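Here chain A shows up in two complexes: once beside chain B, once beside chain C.
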Partner chain A sequence: MNPADTNQDCSAKIDASCRVPLLVLFNGAALWLVLGLALSLFASLTFHAPEQFSCCPYMTYGHAVAAASDLLVYGFVIPAALGVMLWIFARLSQDKLELPLVVFLAGHLWHLGVFVGTVGILTGHSTGYQWLEYPRAADALLGVAFVLIAISAFATFGLRKERELYPSHWFLLAALLVFPWIYSSANVFIVTNHPVRGVGQAVINWWFANNLIFVWLALAGLGIAFYFLPKIANRPLHSRFWALFAFWTLLLFGTWLGIPAGAPVPAWLPAASQFASLLMIVPIVATAVILKNILWGANVKCFGGTYCYIRFGSVMFVVSALMLVAAGCPDFSRTVEFTWFGTAQAQLQILGFATMILAGAIYEIIPRTMGTALPFEKFKTLQFFASVLGVLLLVISLAVAGIAQGKSNFASGAGKIALMVSTTGWLFLLLGSLSLLLNILVMTMKWKLGLAKSAWAAITAPLADSEVKS
Partner chain B sequence: MMTPEQSRSSSGAAVGYIIAIVLFVLAGVVAKLSIQAPAIDADPAAARYKALADMQAVENKSLYTAQVIDAQRGIVRLPIDTAIDLAAKNWSSAAAARADLAARVAKATAAVKPISFE
Partner chain C sequence: MKSGFGVFFAVAVTLSLSWLGFVVAPAVQLGSAKQTTVLISGDTWPQQRTGEATLGQQIYRANGCVACHTTQMRQDGIICDVVLAKPGKNPVAVTNLLSTLKLSGLTKDQADEVSQQISDKGGTAETHISATGPDIKNDWGVRRSVAADFLYDAPVQLGNLRAGPDLANIGARSASSLLMQHLYAPRSINQASTMPSYKFLFDVQKIGDAPSPDALKDLPKDAAPADGFEVVPKPEAKQLVAYLLSLHADVPLYEAPFTPAAPKP
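For the complex of A and B:
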């Protein structure tokens, strides 16, 4: 047996060990993505006909938007990222996934938490804190499930034969540590009984929102991108030192952002946040240099494949980070703070960066773990182009609406046309997400049917003479 | 097949992660407990009882204790029972009592001579 065969054999075993846990995470994630985008679309329809859901309190704009945002982040991005991380850790360790049963159970626990949280928001039991809207019961389920999945990731990481860590390792391990830290801190301080009083609540909420949407997604997304891009482009990550520099500066400066310039809090808080946003230029430039070195001149045919998804997502991260830096500049922040511009940046980070990279990674991983090709290969390309169009329409229209709001000093109706255009963006994104759901669901159904058939064949197979007792 | 060294390394990484998470949560809880301020209107009943007790203490002092209020003018505070007994005793002779009252009122309302160094 030559080394290539051994390597292929080993990869097949690793993929097979990830199959069931990843199916749990990806199936639920794809379903929540569709529901989240559908809810976002319904909420966006309010811009066209504000009275359409007046009869149904569950679907009012406040309920629908909060539930949709949380579905996109907690329902899709985090479980999908965890699934991709587990596969990457197993591949980098060149060993099977550790504790797959724990991941299987924790995956179900996570999706139960998302379900409980979403029902809680829609029935009016939201906590009222942005990105922490889920009621306490759901928060507890999510926290426990995340830690259980991360334990499996760390156990798999511990199996690695080469002691040297890759840049993907740094980013993904940091993501596994950062989420429990920010999530437990924010919950302990503002969601549990006796929350901190007064302005402290708003400050902690801003800190958490920035660390979840910007820092955590950046760590997870860049970690995944730095694994797939060099692999698909077949060129090394250039360079390790740039990656190390980007990693530490992102953690150092990124965690300080999030306090709006005009927030009614002690002046040093927004000042520190603005200063950090200026320093964020450093990791952005470092990331852009790494991406340029990988992508520039790479000989990869790209027509809606995984490489396209991850390349687009990575470029969108740079754009999103630049929008965040711009929003921290004193002059510009006076115009756009508390407007739709912030929503545009957050949606670019979630849908343009994280979701695109994760969808591309899932399309790469799922056929390998299942051992078959995608049932609807062309849907992958369809989703790519629909998502690109959707992200561009959504983000540009929301950003324009935000600037129009700020320029007109929040005049009523400012940016209304742009907001109406954003509905089209949600529609395209929903169309794309349906492709992912269909591919995963059909693949899972086929696999389960195959299992049932082989079990039936084993049951109904005639016994050999030697097995029959007289 | 996992070697013993790999097994140790794997469980070590997992246990290390669990310890890190426990430390994060503990740090958050300790930080919250150390900055905890009493809640606004946490116990309104206790606040009302305290106000009532303060008011009753002032009333009891004025009703049941003796004190010289202004020695120069001859103004004193007497326990209410003592004051009733004194009034009953003094007013057994109405003319004398009236003269005594007028003298005391004159003393209490007379202009006080300033002290030389004021």
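For the complex of A and C:
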């Protein structure tokens, strides 16, 4: 047996150890993605027919859009990112996933939390804080589930056979550390019975929102991209120094963004945010340099394959971060503050960057952990093009609507045409996401069927001669 | 970084800095805020809401109104107008002086200087301060929102998006009947509005012996119920409107001064 075979054998074992926990995380995530996009589409239809749902409270814009945004982030992005992280950790450790049963249970807990939270928002039990709308019961479930999954990830990392630390490690480990901190802080300070008094609530809410949507997604998404891109392009990440620089500066400056310039809070808070958004140019440039070094001249043919997904996603990160910096510039912020531009940036971060990278990674991982090819390989390509079209339509139309609003000083009906166009963006994204759900569901069904068949075969098999009493 | 400890260190240092800055410091600085005093009148601000308005805030939260409405006004600065209050003993000199001076659109320093010149001639001048900025130009309010305005809010819902107008002063620029009609049939008030209609906060019922005193009056034809029926707000609608009417940040404060318009005779 030559060394290469051993390696493949070993990889197959690692992949198999991830199979069940990852199925739990990815199955739920794919379902929530479809539901989240469908709800977003429903919410967006309000701009075409505002009288819809006037009979029943559960689906009006305020309910639907909050539930939809949380489904995209808590339902899809976080569990999908956790699943991909676990697999990357196991692969980089050259060892099996530790505590798979814990992840199996925690995955179910997480999805239960998302379900409880979504029902809570739709029935009017939202907390009223953006990105923290889930009622407390759901928050507790999500918090516990995250910590359990992180324990498995840390165990896999701590017991790694390959001791070297890669840039992916830094970003993903940091993501595992950041979430419990910001989530528990935000919950303790504002979601409890006795929240902080007055606008302190809003400040903490903005801090959390920025650290979740910008920093956490950046850490998870870039960590995953920095694993797959060099691997698929078959060239090293160039360079480790740039990655270290981007990592530190992202954490140092990125965590200070998020307080709007005109907010009714002590002036030093928005000033600190504006200054930090200026400094954010540093990690953005560093990330762009790393991406340029990997992507330019890489000889990879991918027609809607994983590499395409992750390449598009990483480039969209740079664009979304630049939009964030632009929105922090005094003059431009005056125009786009409180407009759809902010929504455009957040959705680019969530759907253009994180979701694209995660979908690409899941398509790469799932066939390996299941040991079979994708049932609908072509749908993967279709999803890529539908999602790219959807993201561009959505983000450009929302940004245009935002600028129209700002330029006209919020005249009634400003940017309405652009908002109507954004609906088509949601439609394409929804159609694309069906492919992921279909692929994962069919694979899971086939696998379960296979298990049942082999169990049945084992039961009905004739006894071996040695077992039969003569 | 060669070990997991380095990553832990990086996260601990950077996130604790931002945590101290944006979580602990505001919690300490703003969490100990107290009522403040209104300029000129000396009243305390803000006033506690009525029970119905406090319940209404929960209706506002539950329906996700914050998704489309901010409740925060921005302001660029202030401009001052100098007005002659009393001509004094030498009205001719004061009038002559006034014709040579620029009296409106001044900065605070310029206004003080002009006032000084007028008082040198024996007249008495008053300085009227007004806030400027796009939000104020939109007639959404008279001054910017300040932290004190939100002292009794739980949850504080400043909002990040204005798909609809800012509501920081909706109570000062609207009336109960108008808000009721707007909730029931938004398009009957503003044809371009994309606000969902909140018909589920109202009952359409047969008119009994006498029309209900709460029933919406003067509904336009396409929003009006059939003959013999009336539209009556449910308690939730009344609470929500009570909350909206309680939103009026229209008193001058030390951190956001302006001269209130003289009450109409």
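Please note the rule applied: the second predicted complex is superposed on the first by the 468 of 470 C-alpha atoms of A that agree within 3 Å, B and C clash if a C-alpha of one lies under 4 Å from a C-alpha of the other, contacts with A are read in each partner's own complex, and residues count from 1 in each chain.
Quick note on the criterion: a residue touches a chain if its C-beta (ideal position, glycine included) is under 8 Å from a C-beta of that chain, and two chains touch if they have at least 3 such contacts.
Note that the structure is a prediction, hence the values are computed from the model and not measured.
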Clash or fit: chain B against chain C, after overlaying the two structures on chain A?
fit
Looking at chain A, does chain B or chain C touch a larger number of its residues?
C
Touching A:303 in the superposition: chain B (first), chain C (second), both, neither?
neither
Considering only touches as defined above, state whether A:456 meets chain B (first), chain C (second), both or neither.
neither
According to the stated criteria, A:241 is in contact with first (chain B), second (chain C), both, or neither; which is it?
neither
When the two structures are overlaid on chain A, which partner does A:343 contact: first (chain B), second (chain C), both, or neither?
second
Is A:409 in contact with chain B, with chain C, with both, or with neither (first, second, both, neither)?
second
With chain A as the corner point, what is the angle to chain B and chain C based on their C-alpha centres after superposing, as a multiple of 10 degrees?
40
With the two complexes superposed on chain A, say which partner A:126 touches: chain B (first), chain C (second), both, or neither.
second
Is A:184 in contact with chain B, with chain C, with both, or with neither (first, second, both, neither)?
first
Between chain B (first) and chain C (second), which, if any, makes contact with A:157: first, second, both or neither?
both
First, second, both or neither for A:98, with chain B first and chain C second
first
With the two structures placed on a shared chain A, what shortest C-alpha distance in Å links chain B and chain C?
5
Residues of chain A contacting chain B in one complex and chain C in the other:
157-158, 177, 181, 185, 189, 196-197
Across the complex, what residues on chain B touch chain A?
2, 6, 9-14, 16-18, 20-21, 24-25, 28-29, 31-32, 35-37, 39-40
Looking at the complex, which residues from chain A come into contact with chain B?
95, 98-99, 147, 150-152, 154-159, 161, 176-177, 180-181, 184-185, 188-189, 194, 196-197
Taking the complex as given, what residues does chain C use to touch chain A?
1-4, 6-8, 10-12, 14-15, 17-19, 21-23, 26-27, 29-33, 61-68, 70, 72-74, 134, 137-138, 144-151, 153-163, 165-166, 186-187, 190, 192-200
Which bits of chain A are touching chain C when the two form their complex?
46-47, 50-57, 60-63, 65-66, 121, 124-130, 157-158, 165, 169-170, 173-174, 177-178, 181-182, 185, 189-190, 195-204, 206-207, 211, 244, 247-248, 251-252, 255-256, 258-260, 262-266, 269, 272, 334, 337-340, 342-343, 405, 409-410, 412-413, 416, 419
